[in-house]
Amino acid sequence: MLFSEATTTSFFSLAPWLVFAPVIGLLINIIIGGRFSEKLIGAVASVASGATFIVSLLLAYSVWVGHGQGESIFLAEWIHVGSLSLDWTFRVDSLSTTMMLVVSGVGTLIHIYAIGYMHEDVRFKNDPSRFRRFFVFLNLFIAAMMILVSGDSYLMLFVGWEGVGLCSFLLIGFWFEMDTLARPSWANSNAAKKAFIVNRIGDLGFLIAGFLMFWYLGSLQFDEVFAAAPELADTQPGIIIAITLFLLVGVAGKSAQIPLFVWLPDAMAGPTPVSALIHAATMVTAGVYLIARSAPLYNLVEGAQSVVVIVGAATALFAATIAVGQYDIKKVLAYSTISQLGFMVAAVGMGAYVAGIFHLVTHAFFKALLFLSAGSVILGLERGHHLLAHAHNGGAADHDDEEEVRRTEPAEVFDPGDMRNMGGIRKTMPVTFWLYMIGSLALVGIIPFAGFWSKDEILLDASLKYPAVYWLLSTAAFFTAFYMGRQIWMVFFGTARHEAAANAQESPKIMTVPLMVLAGLSILGGLLNLPFKGFHNLGHWLEFTLGEVELLGLDPTVAGLSTLLALAAIFISWLLYGRVTLKQADRDPLKKPLGFVFTGMENKWFVDEAYKAMIVDRYTDVCRFLADVIDSRFWHDWFHEKLIVGTYNWFSNTGLNYYADQKIIDAFANGLGRTTKYLSASVRRIQNGFVRSYALSVFLGVVLILGYLILK
Amino acid sequence: MSPELILFLVLSLVAIAAAIGMLISPNPVYSALFLVINFSTVAVFYLILGAPFIAMAQITIYAGAIMVLFLFVIMLLGAEKLAPGKVLPYQKPLAIGLAIVLMVESVYAVLARNPSDAEIIVPTEAANSIDAMRDLGIMLFSDYLLPFEVTSILLLVAMIGAIVLTKRAKGEQE
Amino acid sequence: MPPINFNDIEVLLPLIILVIWACLLLLVDLFIPKKHKWLTALLAAFGLALTLGFTLSQLGSESNGFCATGKPSICMVVLDGFSVLVNALLLLTGLLGVALAYGYLKRMGIERGEYYTLMLFSISGMMLMAQASDLIIVFLALELLSLPLYVLSAFARSNSDSQEAGLKYFLLGAFSSGFILYGIALVYGATGSTSLSQIFEIASVGTSSLLLTIGAALILVGLGFKVAAVPFHMWTPDVYQGAPTPVTAFMTAGAKIAGFAALLRVFGSAFPNLSEDITPILWALSAATMIVGNLLAIAQTNIKRMLAYSSIAHTGYILMAFVPYGNPEVAPVSIAAGLFYLFAYTITNFGAWGVVIALEQKESKGLQISDYAGLRRKYPVLAGAMTVFMFSLIGFPPTLGMVGKFYLFRAVLSGGYTGLAIIGVVTSLVSAFYYLRVVVNMYMFAGEPKTDNEFWLRFTIAGAALVTVVFSLVPQGLFAWASRAVLKLF
Amino acid sequence: MIPLSWYLILSAALFSIGLFGVMARRNAIAILLGIELMFNAVNINLVAFWRYLDPTIMNGQVFAIIVFAVAAAEVAVGLALVISVYRNRKTVVVDDLDLLKW
């Protein structure tokens, strides 16, 4: 019925299918997917995602036909209490359709790629059900993301926000039981937990912002909030600042900005398509979308905007320096993502919403391309390694004793993601090489690739509004070019540093074809918004939602300088990494000239350590104080000796081992939980099983209450 | 000092002494017997207050039926001898302290009643006790019919419960 | 003097039918052979359904029953929208309780017909509680609902845990009855009446008296004990762990609903003037309950005990709704939110206990959280349902728990109790830790859980999971019902 | 005539003693005795209030009678539970009943 209602000019009524399509897809896979072949499962999921893309296209078309007139599509009542009424309503306007197109478009390509990628995973693990699970999660993610971008109120946005967070958690921990020497299984589930906990901090900020909005503005619906905000800004500007800054906390959590970015690098523990889709192209940009969506609020308070810009720019530079010191191919890309997100946040912070969204779109193209190509490289290396293992076993091993092979081989710890194991892959995996080159050039910002145009627009805006930020971002861009150069030389040029790299094999068509599409988009993406009169397509498009925007031309100085910086950085990287092929055991050539600075980069500037020292350990101390002084001294003399034994054991085992054995990540993710748990474990000793003590507790309550009433 | 007052004080002392006796005698048989004394004294209070029916009920139900049931079970289980068990050293002092605090609080609450509380009527001479008892009966079967019926259900439930807990099914071994 | 008029019977009709049904069931059960006890269960369920029908037919009618001769305003029981809603919820609890119990009793070898009879009596006590408008009836209803629960807790006669639970529950329950009785006596002394409406009238003239306040506080203690509020909660984990699991499931929901219904009746209609004194106490109880319940749940390894602490924690959340009870501006929305939360909790809770029952083995085996490892692999539907329940208990969308918490926090905030709301939000974040542990166990660790295929149990679990999700998407109707039900009380 | 408060204080004293009994005794039956004393103390309150408030309305007395019945019902169930526990554990000492804790 929904279809018949759609007239030739307006497809708005199709909006709910944005969510229905992936949900139907995942339901099919859950219910009858057990009997499907791998291909069919992948096809169902991809078709579901593709359907979302088509719906997005139709919606975008409707907006375009209606001259940018968006529409809100009511689906059902949700919550009506007192003055608050919230519904399941989809908001279709130029901003949300842009996000829909990016998410569903890139999402569909990644679905297809994942069919090939996960096929290998399944083969390695002998568990077909995980294939199905993976695609169910992916579809769930698409559905949640669609709710996020199409929500008509902050609450609906929050539902999607939590939904994608859940999918992210599930998918980071997807390999929770995969135990290899290079990466033990607990590292995967800990990475998932870390992401979840850090994101909770951000979500708390979002929640507080939501409560404030409801409290002072009386609504959570976008239009109502924006309509009521100017008046509040006149009377109580502090509240608007608080709202925007608390929203920024949420953004920092989801979009991995300082100080909450620590989860994103660890999130690379998930399968590569996940890293590409969720942790590079779509979910992490939700924060940028949130700020762009809340533009009417941010425009009211300049102070908050400056904070956003500073956070973004600082993140951009900080993460870029860390990326220089990483050895894992995906970690480099992860820090690069953080850095690029910093660019976007800085852009939307300074009011250059078009530039921010433009960069979001092009970044989605080329970063997805880079991640997926990196995945292809990793799989290529694994295939090569696999081949070697068979060769060592006399080449007779069957696929049946896959597990056998895995168990016998760990004599040598092989990490297929370590760039020090690579080199010369240009020859063994030519297609991947060229795709990777395109992605890198787009990221580095070489004319005429997509990244050049979008990054340049951000830099131009910055040079006009915040000169200091312009220099920060330019430095970040320099580092970007440097680490990408370093990566390209180390991975693809020179000679192989490991047998596996020498024997790497090209990936199948199902993986490379989506990559080619992404590569095409990375080359041509700049056409969306060329800085020439008449070509500001995206600018005009978004104007419908964001109001009048300033359309800038090309500034030859800014463009020239940034290109020059990029080329210089690539040249330096060639001097260091490209001129001579490194040996596997070689120290990084940057280590000598930079010394401890490089050690800092290598170790992520010790942020994890600092968090442990400043937050986790202090929290532990407080808990320990409560446990030790209050609990142990106070209760123990009255209660059981067990407490002494327990505390003693805890100190000797947990306490000491804690420092000796545990990894920092582990401490961060578990510290909160474990100490709360300990606190809880000691308090529960009061529950000693004696009826009389329980009666005493009741009695104590009575006496206290009566005392309060009498003395009051 | 009026004889009424002296009677009240003596009875109070007996009642409290019996209660304390119940508290401190280690043998539950003695405890139960002390409680019987206490209940009987309280029945005299009811008489003084002009509620002869309640006094009778107190003697027959409480002191008679319930306490006999107690004694019966104590004897049945041989529960008068307790093996030394775990002790909770903090429990007693804390309980005493709290009980005294509660006592003080209640006394304060009683004495601090302000005049706006429901009017205290200077007690008239107790009505003819036969009439009073008839009034009670009428009350029980008119205004208080529902509580009366619910009480009967409550007793039925207690009966079922006691049987369920203690009756052995056929063939069930101890 | 006509002793009874038909209006009185009409007001209590569902209750009377249920009691008569229970008595008949007791007799009929004697003639049902041991092998066919399913018939008793079926008859009990049928009686509950019948009563539910009669209850729903009372929707919209309002009247008083068993009034004093010549004084039609002083009545023993009342029938209004609130009582109908609560009674319907209680009967639903009963139906779910029977569905969970049948297979379990058989499997554990403790199947006896009296189980269902006692349950029906307990429910009638709860229903009476919801309709009471006199303190005597409140007290009697409390006893009527408690006595069968004491016995049911000790129903597994060969199981030491169950026996211990029964005795502990009884001793502490009787102890707390002592307090409530003392409180009622003081209130009677301060006002000369036990009728709620009359107490309100007398208390609203003149200044508040300490005797009345203390009496009210003692009643609060007694009811706080029933709903397991800190610091009157200590019996809860022991009893919930030791009692046969279906009894626990029934207690967590039924006793809580009845306790809160009485709390609302007594404090809402008799003591709104005392709110200045009582509200801070409720505030403190609610805060302490949320904190202690959630904190102690973290350390538990036994799932029954964990859920027991979770039940304490949820008492704290619901109690939050009662904090602004004396403020007629906020109270209706807030109490309606509390009722909605009670519904959400009942459904979710029964589902979660259902899964516990499904996995429990003889001699208290299969009750560790670690026993849930590998559930996803062997029984994916069961694991999925449990995940839904855990998410609902955390308050994660899209579940009833999330909608309930939303209503609740919103009401509390609009009452101006920001501190309480913050405690609520923070403790629910903390609670994610222990609920998710169950999920992690089910999904991420390997293990060999065992369960029998019991149709009614599976049916209940699946139904509860479905309702938990579906009603979270369309909660409006229910909330509107709850709002209508409480509107007349203020 | 004896003032009302004297009765109330006597009742409070007996209630507190009963309460203390619940918390200090280890024998389940003795604890039950303490609870009975508490109920009894409340009854003194009820009857005294009845007498001093308005002796023509019998509601205090009716309440007292109902409390008797409730106390009897509680004792029946309580003693049955004690017997049942005794059969299982051969003890009536509540402190021994600590399988369930923490």
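Of note:
Think of it as A, B, C and D in the order they're written, each chain with its own count starting at 1.
Definition applied: a contact is a pair of C-beta atoms (placed from the backbone, for glycine too) under 8 Å apart; a residue touches a chain by one contact, two chains touch by 3 or more.
What you see is a predicted model; the values in this text were computed from it and never measured.
When the partners of chain A are compared with those of chain C, the chains appearing in both lists are B, D.
Just to note, of B-D and A-D, the chains joined by more C-beta pairs in contact are B-D. In terms of their C-alpha centroids, the spacing between chain B and chain D amounts to 6 Å. Averaged Cα coordinates give chain A a centre that lies 64 Å from the centre of chain D.
Taking each chain's centre as the mean of its C-alpha atoms, chain A lies 69 Å from chain B. Rounded to a whole number, the gap between the C-alpha centres of chain C and chain D is 26 angstrom.
Residues of chain D in contact with two or more other chains: 8, 15, 18-19, 22-26, 31-32, 53-54, 59, 62, 66, 70, 73-74, 77, 80-82, 84, 87, 94-95, 97-102. Counting partner chains per residue, chain B has residues 88, 91, 95, 99, 102, 105-106, 109-110, 113, 118-119, 143-144, 147, 151, 154, 157-158, 161, 163, 165 touching two or more of them.
Shared interface positions of chain A, i.e. residues touching 2 or more other chains, are given as 684, 687, 689-693, 695-696, 699-700, 702, 706, 710. With chains as nodes and touching pairs as edges, the resulting graph is complete, every pair of chains being joined.
Residues 1-2, 4-10, 12-21, 23-27, 29-30, 32-34, 36-37, 40, 43-44, 47-48, 50-56, 58-59, 61-62, 64-66, 68-77, 79-84, 86-87, 91-93, 95-96, 98 of chain D are the ones that touch chain B when the two sit in their complex.
Those residues of chain B whose C-beta lies close enough to touch chain A in the complex are 88-91, 94-95, 98-99, 101-102, 105-106, 108-109.
Remark: chain A residues 638, 690, 692-693, 696, 699-700, 702-703, 706-707, 710 touch chain B in the complex. Remark: chain C residues 136, 139-140, 143, 147, 150-151, 154, 157-158, 160-161, 163-168, 170-171, 174-175, 177-178, 181-182, 184-186, 188-189, 192-194, 237-239, 241-242, 299 touch chain D in the complex. The touching residues of chain A, when paired with chain C in their complex, are 76-82, 84, 88, 159, 162-163, 166, 173, 176-177, 189, 200, 204, 207, 211, 214-215, 673, 676-677, 679-681, 683-684, 687, 689, 691, 693-695, 697-698, 700-702, 705-706, 708-710, 712.
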